[in-house]
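Multiple structures follow.
Here come two complexes built around chain A, the first alongside chain B, the second alongside chain C.
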Partner chain A sequence: MPNVGGWRFVVLGVVIAVMLVLPLVVKSSFAVDILIRVLLFSFIGSAWNLMGGYAKQLSLGHAAFFGLGAYTSTLLQIDFGISPWIGMVAGGFVALLASLPIGWLCFRLRGPYFTIATIATAQVLMLIFLKFRDFAWGAEGTTIPNLGHAPLMMQFETKAPYYYIVLGLLTIALLITARIERSRIGYYCVAIGEDEDAAEAIGVDAPSVKRQIYMISAFLTALAGTFYTQYIYFIDPQTAFNFNISIEAALVSIVGGVGTLWGPVIGTVLLETTSALLQSWLGNSIGGVQLTVYAVILMAVILWRPTGIMGYLAEVYARRRSKSLSLPAKA
Partner chain B sequence: MADALVIKNLNKRFGGLHAVQDVSFTVRENETLALIGPNGAGKTTAFNLITGFYRPDTGSVSAFGREIVGLRPHDVCAFGLARTFQVAKPFGGMTVLANVMTGAFLRDRRPDAAREKAREAIDFVGLSARENAAARDLTSIDQRRLEMARALATQPRLLLLDEVMAGLNPAEIDQAVALVGKLSSRGLTIVIVEHLMRAIMAVAKHIIVLDHGQKIAEGSPKDVVENPEVIRAYLGSGYVHAPAGGTS
Partner chain C sequence: MLEILAQAVINGLLIGGIYALVSIGVTLIFGVVKIVNFAQGEFVMIGMYISFFLATQFGIDPIVSLAVSMPVLFVIGVLIQHFLIRRVLGLNDLPQIFLTFALSLLIVNLSLMLFTANYRTVHTWYSDEAFRVGGLYIPVAKLVAFVLAMILSGALWIFLHTTDLGKAMRAASQNRDVAQLMGINPNRVFAVALGIALALAGAAGSLLMPFYPAYPLVGQVFVLMAFVAVVLGTLGNVIGALIASLLMGVAESLGIQFIGADSGLIVVFMLLLITLALRPSGLAGGRRR
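Take a look at the complex of A and B:
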């Protein structure tokens, strides 16, 4: 066992070193852009995974928090000149507070009904931001004033700093997840995801636990919203509350393995890489063929590996272990 | 001995079905009480009413001197009443240890302390060898053991066991009976729902018989098996009107 633990630290050390050096080595800004997207969706996926994976509350409305984060920091920046660094945290808290009424409404429902309700909340928020023009630029959206190199305003002239920011965010999300996994709330989430009645019967206050994990998940997702807006220098309701964000958050976790620490990261790496490669190989042939192939791969994973890549690896590991354990008995 | 659970005039209707009608009984501290009766008699409904999963239409449930009607299930558990389910509900994807730790977290939020308490409970039910197995891979009796360990880990004063012996083979039933006896000798008050008269005779000194939601008899095992009403409604029906007994 200490051997396995030791190896784990070595592997982790190598991964961290590679991640830190990567933008210094990779010069193509197209490649760095892909890396940023991978890290960003790993981060959003990790935030989603806390609630959707551990507690199995399948939300398809996390765009609501992404959008609230994006709008909070942008409004604070443009209307009051407040740095997005502060706006990012403020956006997190706005999302955290918003998760309370949203949760209050949606958690009355279970299963697919819950999922549909979460979709609706994100759509309603999008409509609100579309219709109330005086409040936040309506459908046209707005560009973020470009200040050139302004680290205090989260603006940079190269992509590398953005890379480090989102790498930092992902690290925070993974540390939080690892901590939750080992603590009472983590056990409670998994228990609720497995069987809510059984969890209640052994003293788990399911509504309260769901509320707490939803708050954490919403907070983190909002940070991604601010980051993304700063990164693309633009915001409008269609981008900020885009349904694809909700889908992608769920998808990367499901493919990678829900309720596992590294699932969302592995899922994102797999899906984003596949999609980028397919785009460059097939993008110039028949229109849309890369999306079709992507969809087929997706279906294959969900059909044959419903526990995700991490689930599959865990199975293989368990099988190997039980084999090696049973050998001495046979000898 | 003080009263652990006092149930007074409990009523519950589901539409036209009067599932529990004016049921009253008292469980004394440290005793093992069995709730028996044909299928559909209202035994599990009574459990759900006591543990907060259903709210009674009228009536009162007081545990250790406090009214608990209106409390939610997790509050009832925190108050010291733990239950198992008729159909075992293990957290399938979790290991045995993690299942029981989840119960232990109720009294101590530190993982190390919870793990220690969980191991004690697992050891008590005799499941230590399977500690790291996924709960869904357990056999039927081991899942029942797990449910008991998980409930025990919440450190209850009163344990409600809902048909923990259903579907077990004779040898396993003997083990389960021994386990219930062990729990009782530890000072726990136990309310057990069970169909097997042999098992009930072995564990309970005090029996309540329900039929169609009503209490039709109460007393020692000997009184109950000799009660003509009980023989008609429950014990005899198994032999004389077997099919009817199963559908009532």
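Take a look at the complex of A and C:
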């Protein structure tokens, strides 16, 4: 057996180096835009994966936190002139606080009804922001004032800086996930995900663990909301609380492999690449193509590879290893 | 004022009958197969498009086309049970939730590609007719839809309580293992449950067509209503789902009347969240599966 641990660092080093120089090499703004989307949804997927993948609390309401993050930083910026860098962190804390009452309500239900309750909370937030016009521009939304090149206000004239910001966010999420994977709360989450009653029976404080992981997941998701609003210079309730964000967060994790560190990243790369190829092939003329393909991929994964791509890779790896181990025995 | 209130209640009850058809389907599938069908609304949409095409191509009245949409959706239900849902039974939550969710995404987006996002309407001779009772206004199309929805719900109740197959379905929903020991074939019972549930959704679609536009996302409104009604009415309980649906129709209608035209859904969601906050124990079925 080669030294797997050593190889892993080499591969990781190469990946990091490639990611860092990529925007210097790729000049097409269409391509950089796709890269940013991939990194953004990898990040949102990683945030979802903490709760949905490890603790198996299958939320379809993460748009609630995305939207809260987006609105917090935008309101702070437009009404008080506070930099989105601060607004981003503030948005994270707003989402973290919001996750407490939302969790208090939704964790009363299990399984599919937990999922439905999370959908309802995100929808209620969207409807509230649509309804109350004087508070946050209502249904029309607002554009973010364009200051040109203003790094302190998270505004840039080229796409590369946005790329590095979201790359940084993803790195943070992956480091947090890696840390949680090997911590007590991570093991508790996995135990709850396997069988909540059994976990409680052996002394895991399931409500408290679920609350904590939900807070972390909500905080990270909100950061993505701020970033996205700054990137597209526009906010309205339909964009900020879009159900598709909740869907894609879950989708990339499931396709890539729930409860694995790299699952959401791999899932996003697959889904977003497919979607970009479809778009350049068919154009934007026909609505619904992208989500049709996503739905087919999701269905195929559930029926044939419920552990996702990561689970499949682990299987292949285990098979090869057991083969190489059993060879000497045969000889 | 009293008249406005009474009118709002009537409007709510009439649309609540349609919600009931969808909710009963959801609760039937949940009770018997132990699966939440996220795609139930999409079958309402399919029912609507079936009636729409029969009406525009052959001039068949949407109410008459019930005779087509219900059997077609029954068959679709049996096929979905056989080829999709059967394969995830007994697995954990994730495949069970996301299989029907993926199905919903697939149907909605295929319809977007095939039918575009345009609103399709069917105008029948009774679409604009209404009875006037005192100062109240009762649209004929909605009344017909309500009455037929109640007849179908009643027929289902009689089926569940008097026929062997219906009793087998109730037995399977009470205790699957014991039912199997008593010689009930679960696959057959599950297939029939899916078939009936989808047929009811299809019926809802046909009944809506004279007064409601068809478009690919139309199912989402109905499925959200159904989920709330099913939670409020205790999961797996047909009568509970029926009563809760009528109440939700009224709540939505009062919300529209007194808070604003875009507030129907807020009222419904708030109702769900408040119920969860105050009486989660009343939702015994939602807590444990």
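Here, the second predicted complex is superposed on the first by the 315 of 331 C-alpha atoms of A that agree within 3 Å, B and C clash if a C-alpha of one lies under 4 Å from a C-alpha of the other, contacts with A are read in each partner's own complex, and residues count from 1 in each chain.
Simple rule for what comes next: a residue touches a chain if its C-beta (ideal position, glycine included) is under 8 Å from a C-beta of that chain, and two chains touch if they have at least 3 such contacts.
Since we're looking at a predicted model, the values are computed, not measured.
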* To do: Using the touch definition from the top, say if A:D33 reaches chain B (first), chain C (second), both or neither.
  => neither
* **Contacts of A:A199 with chain B and chain C, given as first, second, both or neither** => first
* To do: Figure out whether A:R108 sits in contact with chain B (first) or chain C (second), or with both, or with neither.
  => second
* Which partner does A:R184 reach: the first (chain B), the second (chain C), both, or neither? -> first
* More chain A residues in contact - chain B or chain C -> C
* **Overlapping contact positions on chain A, where the chain C interface meets the chain B interface** => none
* **chain C residues touching chain A - in the complex, by the definition given at the top** => 35-36, 38, 84, 87-88, 91-99, 101-103, 105-106, 108-113, 116-117, 216, 224, 227-228, 231, 235, 260, 262-263, 265-266, 269-270, 272-273, 276-277, 280, 283, 286-289
* **Residue numbers on chain A that touch chain C, as the complex places them** => 56, 58, 60, 104-106, 108-113, 115-117, 119-121, 123-124, 127-128, 130-131, 247, 250, 254, 258, 286-292, 294-296, 298-299, 302-303, 306
* Structure fact -> In their shared complex, chain A is touched by residues of chain B numbered 51, 53, 72-75, 77-78, 82-83, 85, 89-94, 98, 101-103, 105-106, 109, 111, 114, 150-151, 153-154
* Please name which positions on chain A make contact with chain B in the complex. => 182-184, 187-188, 190-191, 194-195, 197-206, 259
